[in-house]
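The same chain A turns up in both complexes below, where it pairs with chain B and then with chain C.
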Partner chain A sequence: MPTVTIDGETIDVSGDKPLLQECLNMGTELPHFCYHPAMSAPANCRQCMVEVGTPVRDRETGELKLDDEGNPEIQWMPKLMTSCTVQVTDGMVVKTHRTSEKAKRGQKDTLEFLLINHPLDCPICDQAGKCPLQIQAYKYGPEGSRFEFRKVHKPKRVKLGPRVTLDAERCINCTRCTRFTEEISGSCQLTISERGVKNYPITMPGQPFDDPYSMNTIDLCPVGALTSTDSRFKARAWEMSRTPSITTLNARGSNCYYMVRDNLIMEVVPRQNMQVNEYWLPDEERVGWAYERFNDMRPAHGPELRSDGELTPVSWERATDAASKALGAVDPSEILFLGSAHATVEDNYLLKRLAEALGADAPRYIPHIDAGHDDDWLRTDDRTPNAQGCERLGIHPIDADVVRSRVEAGEIKAVYVLDDDPVGAGLFTEDQLDDLIVVLHYYNTTNQTLPVTDVALPAAMVVETVGTYVNDHGHAQTVRPAKTIKEVNRTLMMATGKSRPDMHGTPFDRWHNDDNQVDCLPGWEVLPMVAAHLDIDLSYKGPKAIMAEVSEENPAFAGATHEAMGLQGVRLEDVGEPA
Partner chain B sequence: MEATNGKTKAGDWQNFERILLPPIRDLHKLDVYEAEYDGYQAIQKVLKEWEPGEVVNEVKQANVRGRGGAAFNAGLKWSFMPPKGDRPRYLACNADESEPGTYKDRQLMEYNPHLMFEGILLANYAMQMDACYVYVRGEYVDWIDHMERELEKLYAKGYVGENIFGSDFSTDIILHKGAGAYICGEETSLMNSLEGKRGYPRIKPPFPAQKGLWGNPTTINNVETLAHVTLVMRHGADWFSGIGAPTHPGSTIYGISGHLNRPGVYEYPTGMLITDLIEKVCGGMRDGKKLKAVVPGGSSVPPLHADMIEGVTMDADSLREAGSMMGTGGMLVLNEDTDMVTYLRRVNHFYQHESCGQCTPCREGTGWLEAIVTRIDEGEGNLRDLDLLIDLCDQMEGRTICAFADAAAWPVRYTIERFREDFEAKCKPAVFDTGGVTISA
Partner chain C sequence: MSEFDIKKPVVALPDMDPEPQIPEEDLFFTEEELERIEGFTEKYPTNRSAVMPALWLAQEKFGFLPPEVMKLVAEAIDIPYAQVYGAATFYTQYYKKQMGTYVLDVCCSFSCQACGSYDVLDYLEEKLGIHAGETTEDGRFTIQEVECLGSCGTAPMLQVTNGPYVHNLTEEKLDQLIDDLRNDKMPPFTSVTMPQDEDEMGGNRRSDVEHTDTYRTPPAPERWI
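Right, the complex of A and B next:
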């Protein structure tokens, strides 16, 4: 294994990564803009410059030449080298800005150049606070500027496409965005236009930047040149708390951060997980409605009961009591339990336990398949996050024809739905459910089953609960609450604190304020309440304990404890026919 | 240096018979080139009698130094090509002549294009190339049209294409029109441009010989270099290396412009005294004015002060010693009335306009240099601006992917260094605040 000496510290390196990556891996920060580990290194920002030397070898023998003190003689490259393009060779000696005045000066000079035509509108820039240019200019840049001329003016507020807005003046031409469309997404929609100091990235004339992964360029952009049309100017970087989690609009479970302020999800940004989504996130997971469903579309009241034909708010105690009475009023064989591929493994497991305890048929789930949506990357035909988790629990897709004919025949008297919308999904019509007792755990007020629901129980969504999802490749991942709910729940409170690197997030995020809190409960809290009214004991200390039991009992979940899943998840064994 | 007893490295240049641009009427036509200039004899002889490797050695031995500016031994460059494998190999002929003050390739393409075509065939044979792309500056419309017609004739006669001249060697020549970017004359960005990409220079290594056009082994030569190859193969390496300066042999086309009585394009041996070129070839300075500066090889090389040119000859070594470069041989001569600040402003504007914008120091630096020099030229500059200019040159040189930043910074650095009085005269006087009493210095 080759060794390389960086600032006097000798380390083993793999040799297949550029010097910059090796430095970053060993914890030596080198300022850089254009380099990204997933893409080619164009070395155009000229920021990561270091001094590089290689040991001198005798031409004849190939032996290392030694100096008078017996140390290998080093031949230094005459120019500063961009570390992103230097392939590490054995015995290489590197001096970064920490030990080399020349490298330090080189990095400072480049930053001075980068800033001369940059508008420096940080006070109104969305990138401020998380901006590599801003951060690195403070750390490595000059104290001031010697540039006393008019800055170059370029197009601003350019709508590149439906989701991305360009401010060309802020652009530093690192070409990360154009390389993303060329090398990663393959749409080749962006290119650099104009020449010299006037250049900026743009699409072909008349072509929108509608790449389904276009918003990744916003995250790649090391300045505020590319911004989200949807969330620009809505919240500053330091006002939002950042919670690591996963996205739930398809079965891939791409890792993300939910950016929250005052219990509103402001933005969804990708989180690196090399086993799932690498660095990327499809646009569909982060455009308006993808996160607004966590905010505006939530129920305004807590649980409701239908009385005199109207849904009327009641307490959770009364609501769960009513739900249990509904289940107790009919023969267990006449109850249809619908699990959900939207819900966590924990909630589905409790529902299954409840059905078993009552002696009813095992729950089924409604598949949400959008054929043709799969792109062999991060989008799947399955538009739910946990179908695989249901299957592994032994909860299978519902046979629509069979269940419809049973409803028609009057064989089903009560329907208990966990986090889904049977009417909206086209499983039943409103008329079919009209005469039945319907208990519904639901997320959004747009749920079309609500008009025929007798007991409506608002359920905590992915951003409010603790639980487990299994993606289509069998990767089990836990989620943590990004925002708080109205009810006081110790498990969730603890998890909220732990989920953020800085415990409770930024002081600008008034998460403890009850504005925007939804009066909902996670399934793993409501289902035991319902069961308790039926004298069934489903009490657990929390989702962690449920998962511990599931992973213990069910070989399809072997090893999937919350501790093991952590922030990166675990890949479950494929056990063939699930239990 | 040289110049003893009226003899120079250029030898008996007064009686030099032009070899690149001989005085033959209609030489640009194929039949004339063949009938009156032994056209396409060298290639036929080489195809029959020479091994490819021998051609490379001959050119190496003749010491044909690249005429594009770097003055690197062409044969040595050819020998960097890897052995022939499965992958195609390409020659690229750099005819994207854009350096301000340079117009020598244009003369060749206008008056003797077949010398270049024959050189291309020889080079293609020597390196076993599958094709040669001639990247011609887009503004040379007439000569592109003409060369296209001549090339058709060559294909029709079987001089280019399958089994040329009845041999078992096949090769193609493709003319490609540039779209007007100076940077596309840089060899790696020329390759990107040929591939249909943005003309951004590439990072070296890998060098073109390893990974050039479409990732295949490629060599890039200047028009004039390839024309010389024909002459070398026609007359032999010894004949060639006997012409002109021993370390930089051959003839060269001097494009001489500026305040002269007879500016123009002249073909003479290398190693001509700059003073001879000015006084004897170009008939001296116009209106009897004094010489102020000579820019010997295109706008990007350091200008020489009139004091510095005594005994300096036009070859790479002598010019390096004098503190400049041979460049393209496009010589710019400036008289005493020239304001070097205005001159530099114009040069800076060119580099600001032509920077491709890929690397930060060049993209931002070229514009900044121009802005400062413009300010000085307009009388608004300060003396400290001169230090800033030199500082910016330090910040640009050697910090970019290609040599463009160097080419933009050198004129600034050396014009200020060698003509500082012009700059100081235009700057506002330094003013020191001494607490109410203002003293001018």
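Right, the complex of A and C next:
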């Protein structure tokens, strides 16, 4: 194992990573733009300059040459080296900008060059506040510029594709985006055109940048050159709080941050988790309708009850009472409980316990399979985040033909739906459900079962709740609230305070906003309320306590407590068919 | 490129949805040409390396390289279109649009600039009535401002249609060159004298010592010899 001395500190390194990564790993920050751990290092930003020396060996004996004081003699490389392309060798000595004036000066002058044609429009740039160029220019850059001539002007507002807009002037030609399309996504849709001061990344003529992973280039871009067509100029980086969570549009459960301002989800950006999505996120999770799904399509009223054929808003107390009456009015064998692969493990577990306590059949869930959507990477055929979690709880896919014939035969009198849309999914038609009692937990007003629903209970979405999802590889991950709901819930308040680094709810929270709150409740809050009206005790201290119980009782969830899952999740054992 | 000058440095966006300029029935490589291209790809470890000779072959065939030809080259050597586009736009020697019969590539990099290449460029622009990057109305001349052509010792210089260099430019030499080219007479290839041959040439380090007696350089200082 090679030993390398960085700024006088000697460390053991693995030797298979470039010097830059080793420095970053040991906590020595080196400024860099083009280097990314997942991609090749072209060393074209010239920013990570360090002084590198190797010990001198005697040519004949192979022994280390020692100086007068008995230390190994060091042969320094004649010029500064880009640390991203230096392979670490045994005995190497490195001086970074912390100890070397030469390296410091080299980094400073490189930044001056990089900034020559950069427009410096930080006051209107989306990247400002999280921009590596801005941060590193402050930390390592020159005090000013000596360039007194007109800057080169390049195309602005270029729509590269449906989701990515280019501002070529801001580009520093690090080629991270082109390398992403060549090495990671494989679509090869971007290239650097022209040369010298005229170059910038672009697609070739007649080819839109429609890679299904194109928006990752926006996150990779170390400046504001590649921006999201949807969210550019919508919110500044420092106005948003970011909550580590996961995405829920397919079964992979890619890790992400939800960026929130004024209780609105403004952006969804990837979060590193080497066991799930590495550094990437598919576009489908964060295009425009992600904004609509989380913000615009949320129910405007709280719980609603059908009276005189119309849904009218009522209190949670009355709504849950009505739901329990609906369940109590019919024979337990005539109730169809529908769990949901959209809902958390906690919610499904409570629903299962409710069904058991009533003596009804175990809940089933509606599979949402979109064949051909899988790309062997971060998209899956299954468009729900928690099918695996349902299976592990013993909730299985519904047999559509059987249940339809049972409804036709009048064997089912009440349907209790957790966070799903049986009409939209094609399980039932509106006519079939018309005469039945339907209790529906729902996320969005686009839910097509709403017109035949008798008790409508808005449910907290992934961005508002605390809960557990299990991805298709059996990776259990928790989500935490990114935005607040209208109801006061101690568990959610505590979790929000922990998940949002902006000190949410305290006097120091400058962006606390009571607007845009949805009157909804998480399933683990509503289901115990419904159960209490039926004299069934489902009360827990919160989702954490529920998960603690599940992980203890069910071997398929062994070890999956909230504490253990943390931010990176827990890979569950494959126990086959659970009992 | 034509809009790009030092007073108004603007890089234009290329036409992202261009009309094809080569008729579809002409847009193909013959068996013989495909065989030559295969020869290029066999020469290198990766097909990507063969992009330069393949583009060269295409430019010889079609005269210039519109996007559809770049696409054809990409298919012929089986690499992504983007990589062909990137390589073709990098080099000024690949013509991305229809050029005049004679392309005058005036080097404007450091050494030539210091020796007056912008004067050369201005003189040519005025003489032919066009700007750098444009073609004369009769379709005979195109002027390009290009980067270093590797002949700094004979600055200022230009290259004619990716062919012979014309070294140590003066206004007279430019007049002569334009007259010759109007009569379809290409300038001769001239070789550059190496310092070690200077003795034989009477100490004159100019490559075109036989063709000119202006700009005679003084003999090299003793310490060089």
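Note that in this section the second predicted complex is superposed on the first by the 567 of 579 C-alpha atoms of A that agree within 3 Å, B and C clash if a C-alpha of one lies under 4 Å from a C-alpha of the other, contacts with A are read in each partner's own complex, and residues count from 1 in each chain.
Just so it is clear, a residue touches a chain if its C-beta (ideal position, glycine included) is under 8 Å from a C-beta of that chain, and two chains touch if they have at least 3 such contacts.
These numbers were taken from a predicted model, which means no experiment stands behind them.
Peer 1: With both structures lined up on chain A, is it a clash or a fit for chain B and chain C?
Peer 2: clash
Peer 1: Using the superposition on chain A described above, determine whether A:Met204 touches chain B (first), chain C (second), both, or neither.
Peer 2: Only chain C is touched by A:Met204; chain B is not.
Peer 1: Let me test your reading of the model: by the given contact rule, A:Ser231 touches which partner, first (chain B), second (chain C), both or neither?
Peer 2: After superposing on A, A:Ser231 lies clear of both chain B and chain C.
Peer 1: Answer with first, second, both or neither: which of chain B and chain C does A:Thr110 touch in the superposed model?
Peer 2: Touch partner of A:Thr110: chain B, not chain C.
Peer 1: Quick one: is A:Gln47 in contact with chain B, with chain C, with both, or with neither? Answer first, second, both or neither.
Peer 2: A:Gln47 sits against chain B, while chain C stays out of touch.
Peer 1: If you stack the two complexes on chain A, which partner ends up touching A:Arg146: first (chain B), second (chain C), both, or neither?
Peer 2: It touches chain B, and chain C stays clear.
Peer 1: Please work out whether A:Thr248 is in contact with chain B alone, chain C alone, both, or neither, and reply first, second, both or neither.
Peer 2: Once the two structures are laid over each other on A, A:Thr248 reaches no partner at all.
Peer 1: Counting only touches as set out at the top, which of chain B and chain C does A:Ala168 meet: first, second, both, neither?
Peer 2: second
Peer 1: For A:Lys154, using the defined touch cut-off, is the partner it touches chain B, chain C, both, or neither? Pick first, second, both or neither.
Peer 2: second
Peer 1: For A:Gln189, is the partner it touches chain B (first), chain C (second), both, or none of the two (neither)?
Peer 2: A:Gln189 sits against chain C, while chain B stays out of touch.
Peer 1: State the stretch of chain C that overlaps chain B in the combined model; pick it from 27-35, 45-53 or 171-179.
Peer 2: The one stretch of chain C in steric conflict with chain B is 45-53.
Peer 1: Shared contact residues on chain A for chain B and chain C?
Peer 2: On chain A, the residues that contact chain B in one structure and chain C in the other are 149, 152, 191-192, 194-198.
Peer 1: Can you check the complex and tell me which residues of chain A touch chain B?
Peer 2: Spelled out, the residues of chain A in touch with chain B are 42-47, 49, 78-80, 85, 106, 109-110, 112-114, 116-117, 146-147, 149, 152, 172-173, 191-192, 194-199.
Peer 1: Which positions of chain C touch chain A when the two form their complex?
Peer 2: By the definition above, chain C touches chain A via 1, 4, 6-18, 67, 70, 80-86, 89-91, 147.
Peer 1: If we count contacts the way the header does, which residues on chain B are in touch with chain A in the complex?
Peer 2: Of all residues in chain B, those touching chain A are 181, 198, 200, 203, 352-361, 363-368, 371, 375, 388, 394-395, 398-401.
Peer 1: Contact residues on chain A for chain C in the complex?
Peer 2: 149-155, 158, 168, 178, 181-182, 188-198, 200, 202-207
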